[in-house]
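Each of the two complexes below includes subunit A, the first together with subunit B, the second together with subunit C.
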Partner chain A sequence: MHRSDPNDVPLMTVHALKKHFPVGRQLFSKEPKAWLRAVDGVDLQIHRGRTLGLVGESGCGKSTLGRLLIRLLEPTSGAIKLDGEEISNVSARKLMGLRKRFQMVFQDPMGSLDPRMKIGESVAEPMYLNGIGNRREKVAEMLEAVSLSPEIANRFPHEFSGGQRQRICIARALTLEPDLIVADEPVAALDVSVQAQIVNLFQDIQQKMGLGYVFISHDLGVVRHIADDVAVMYLGKIVEQGSVKEVLDAPAHPYTRALVSAILPPRPTGVRFRPPVSGDLPSPINIPKGCRFASRCPMAKDLCREEEPVLRRVANGQHAACHFT
Partner chain B sequence: MFGSQFKIVIGTFVVAFFAFVAIFAPLLAPFNPLSQDLFNRLAPPVWAERGSWTHALGTDNYGRDVLSRLIYGARVSILVGVTSMLLSCTLGSLCGVIAAYRGGRLGSFIMRFSDAHLAFPEILLAILIVATLGGSLLNIVLVLGISSWMVYARVVYGLTLSLKERPFIEAARAQGAAGWYIIRRHILPHLLPMIIVISTLQVAQMILTETALSFLGLGVPPPTPSWGNVLAEGRDRLFVAPWIANSAGIAIILVVWGINLLGNGLRERLDPRAGARG
Partner chain C sequence: MALLGLQPESAQVEGEVRFSGQNILTLPGDQMTALRGRRISMIFQDPMSSLNPVLTIGQQISETLRAHFDMSRRDAWTRSKHLLDLVRVPGAAGRLQAYPHELSGGLRQRVMIAMALACEPELLLADEPTTALDVTVQAQILDLLLDLRDETNLSILLITHDLGVIANFADRVAVMYCGRVMEAASVGDFFDAPSHPYAEALIRSIPGGSSQERLEAIPGTVPKLTDLPRGCRFATRCLRYRAACSEDLPELREISPGHSTACFRAFDNA
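And then the complex of A and B:
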């Protein structure tokens, strides 16, 4: 089941997913002062054997979205379906059984391994928690799968480099043979040479095990390399999505265009024109009316400040949320 | 200054020595610690003039053998020190972990309660409890145990608050871990070195507080020999018979030093980042 057809039943479907965090507290009132709208109505599809790249700048809600997908955070509203089955409101007991189907790899490989646990214990932990036996063999097998020697099981995390630790984290995520791995900036903390190794490792594993990835990154170069589909997030919403080729080669949304043009070319010759994106991300507590990107968009018109654009089909599988594409 | 190996060996040796003395007190003590010999009051120890090996550390105001009293006293003092430490350690650590991990109202309540308790004088609480329940070994343990849980609670609270935000806790949660499992498996091991260090200091502190309480007549009721009682009785004869208070004092210092050495050695050893292992 490698590289399955994107038209079959998606592994995970997300509809109108929202996560609002309460901010501040009012005296004598249960209502908080304000709501931080980290994820504000997201629709996604994740397919087996395919990688969805989730890109956007810091603070756009991509990590929150990743955590919602694996139910590490409770969504405020919206639906998450795994193989067509609703999982956004299942009981804690049922969730326990679902956990083995989606795992996460975190950004900070130094921090996401317990420094007081031996590598073997850390890698075996998901199996222990899910009551799976024969852990020792499986740990050895998984460590080999990520090109590490099984003998390291008796050592501690501080004895390893960042790349090795990320391999260990990947091995840990794989022990339960999940269908979906959400990788939150898994290579951002690594050296460039090591990044390539880890990205290739992700691809090898996908080819062998046919699982779906959500690859969260702010590095378009890495996303172009690993992802099949891309979703561009801005201020809690997806502003453009489609296949990597479509979105990154012919971006339709002005924000995506700005992101793409910000990639440094391998050979820095000639003058590049880029639409200017100035200023900072507006606060997700005070989301402006109309198009979220209007305050920074070079082509914003009055309409953009009044009416919020919806995702519209612009090419084959490509969708963008802009009035002027 | 010393390697952790050295500290652990020496500390264990000292603690084991006192534990041995406490356990085998009836076999080791040359005299009954309670039997008085009024013709032989304040006999000097063996190193003084007219001293003899019969009473190696001399006798006290009632002619009781000081060495025997110290040997039996080790039982009381160590028992009180260790059990009250265990009580306050369990109570305090549990409160601290729950307050930090659960947070919310329960957490604030526990921590505010500990603040209030910290402001309450220990001796007053001791008088209260002993006055209502009467003086006995068990009550002393209760008093000491209850009166110092806040130390653990505060330290554990702070550490747990920072620990629970660490990425490996989130990673564990993503794997399906929850509540008590995370506390037991990922938080407690990180707290342990700190708890061990505080505990060792506390055992020493408990032994000293027991001494103070006994001195005030709120501790182990005399004539039961505890190091505190021996020290308090020796104080009255400090100029005539300094060996009584001094012997008790040296015993206390030795055991406190040994326990602290052991605690420090263990702390260094339990930290996996601390240099070569094995």
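And then the complex of A and C:
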């Protein structure tokens, strides 16, 4: 197994990463009316052979962060290092070469396959773009790696079910043998009976090829299953991170605690389930002063509304951004 | 959809749907319209596309009320405010003037529930009402539905793919596969003693909580609805398959009081 020690040089290191989107425009001025702070100062490490689960509610910035990591979006500020080398400001030409090393798998496998391209063409496209030969053999090999028959290369996406299409997308992401795959809600659009197949497939591939995953999901059950480490995002910031065991079994931040207790017990308990927190996510345009979670936090005090907490170590590898942990 | 007569005209619907003893499939259009929204109402998965983006929340709730009751605009408006209070929308009076895009997903779903409950229906069909919402908000909405059920003596048909939602919020469950009910039971019986192989497999495929163990996936894929096998529709993926399963379609039969299943194997030991 390729599972590496977390103390090795990380595959990717992210420091103080920010992405702000302009909203509206003032009259007679180029300045926007406001800034939407989708990602607002994130530090992360991604290791080879390990899976980082990125969790949070929709609108918390986790997809934007995923896109920043593989440079699909330009960061506003901050650093992204791949094997110690800064990549947040490299030229377009150099980026083209770097892209071989990180790939993405999206939520909607229909929307990410060209309906007029044969499966084989779609899977071969990354090799074509990078001028790599031997495409036919590689396509067959990749389709087999995701448990599909190589004969489907001549068929079209509409002939396949959602789960099969997601396998095709995974095969395409693997053709260039990347070091890192960012998977943005890859099983959210699939039937439960098929979700398990795809989660197992991700795990098998990681064991075989030793690559690093960033697995973005709002489903803590799936994350607990597939991830080694977890980062919990709230309104553009990481509020807690650490190993799956630490964070999900002994959550230190009140938001993580709320998320964990919002997981419905998988079987009847005989007791009426009660929601852990009220309210929902504030707008990322008007981020409140102080702690971002204070407006919904059951233990918020005056200090929380004044001063923004920073990530502090609470246990071995576990960090949380709360004044009261 | 078929229950409410909302399917396209080209669809063929057979059988009976009895509501308070009356077959509503044969009702003439105007009587069905009077029933729909008044005694049976529905909420959908995506609250954004089920609300009209150019009308305020207050206008939309009032519209429902005025369609079914002889009510003045002013009365409908007041009643709309009460409804928003009922579904626990904070600052209800102000929200009536808001447009759907100004509300979060959770608030929009609350507005949808308010509209569905406007005429105090007896039956609410909730089609994946929380699938598009976040976990913390999902728990709030389902909790609200249960409170409303108890307060207004409402019956709810909750359509979901999430077994966790079933386990925590339903009394009885019917499992469908390819257009047929495979098993129907109380929630307790269903989780403790599932009898249909499909139901068993579904329960086994739930991530159990302990990490890193392999998930038990159901092999194969769902057959196309236009090209269904002749016998049992689950036969191609079934672990307890035998030849007879591809011959005849098993009927739903009771194995114990209140617990029915559509599988030949379930009756082997009986």
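Throughout what follows, the second predicted complex is superposed on the first by the 317 of 325 C-alpha atoms of A that agree within 3 Å, B and C clash if a C-alpha of one lies under 4 Å from a C-alpha of the other, contacts with A are read in each partner's own complex, and residues count from 1 in each chain.
As a working rule, contacts are C-beta pairs under 8 Å (C-beta built on N, C-alpha and C of every residue); 3 or more make two chains touch, one makes a residue touch a chain.
Computed from a prediction, not measured in an experiment: that's the story for all the values here.
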| item | value |
| --- | --- |
| Partner chain in contact with A:L113 - subunit B first, subunit C second, else both or neither | first |
| Partner chain(s) touched by A:L129 [first = subunit B, second = subunit C, both, neither] | first |
| Subunit B versus subunit C as contact partner of A:K100, first or second or both or neither | first |
| Touched partner set for A:I70, first subunit B, second subunit C, both or neither | first |
| Partner chain(s) touched by A:A16 [first = subunit B, second = subunit C, both, neither] | neither |
| Touched partner set for A:H158, first subunit B, second subunit C, both or neither | first |
| Residue contacts with subunit A in the superposition, subunit B compared against subunit C | C |
| Of subunit B, residues touching subunit A in the complex | 166-168, 170-178, 181, 185-186, 189-190, 272-273 |
| Subunit C-touching residues of subunit A, taken from the complex the two chains share | 57-58, 161, 163-164, 191-197, 199-200, 203, 218-222, 224-225, 244-245, 258-259, 262-269, 272-278, 280-281 |
| Complex contacts: residues of subunit A adjacent to subunit B | 70, 72, 92, 95-96, 99-100, 103-104, 106-108, 111-117, 125-126, 129-130, 156, 158, 169, 172, 176 |
| Residues of subunit C defined as touching subunit A within the complex | 104-107, 134-140, 142-143, 146, 161-165, 167-169, 187-188, 191, 201-202, 205-209, 211-212, 214-218, 221-222 |
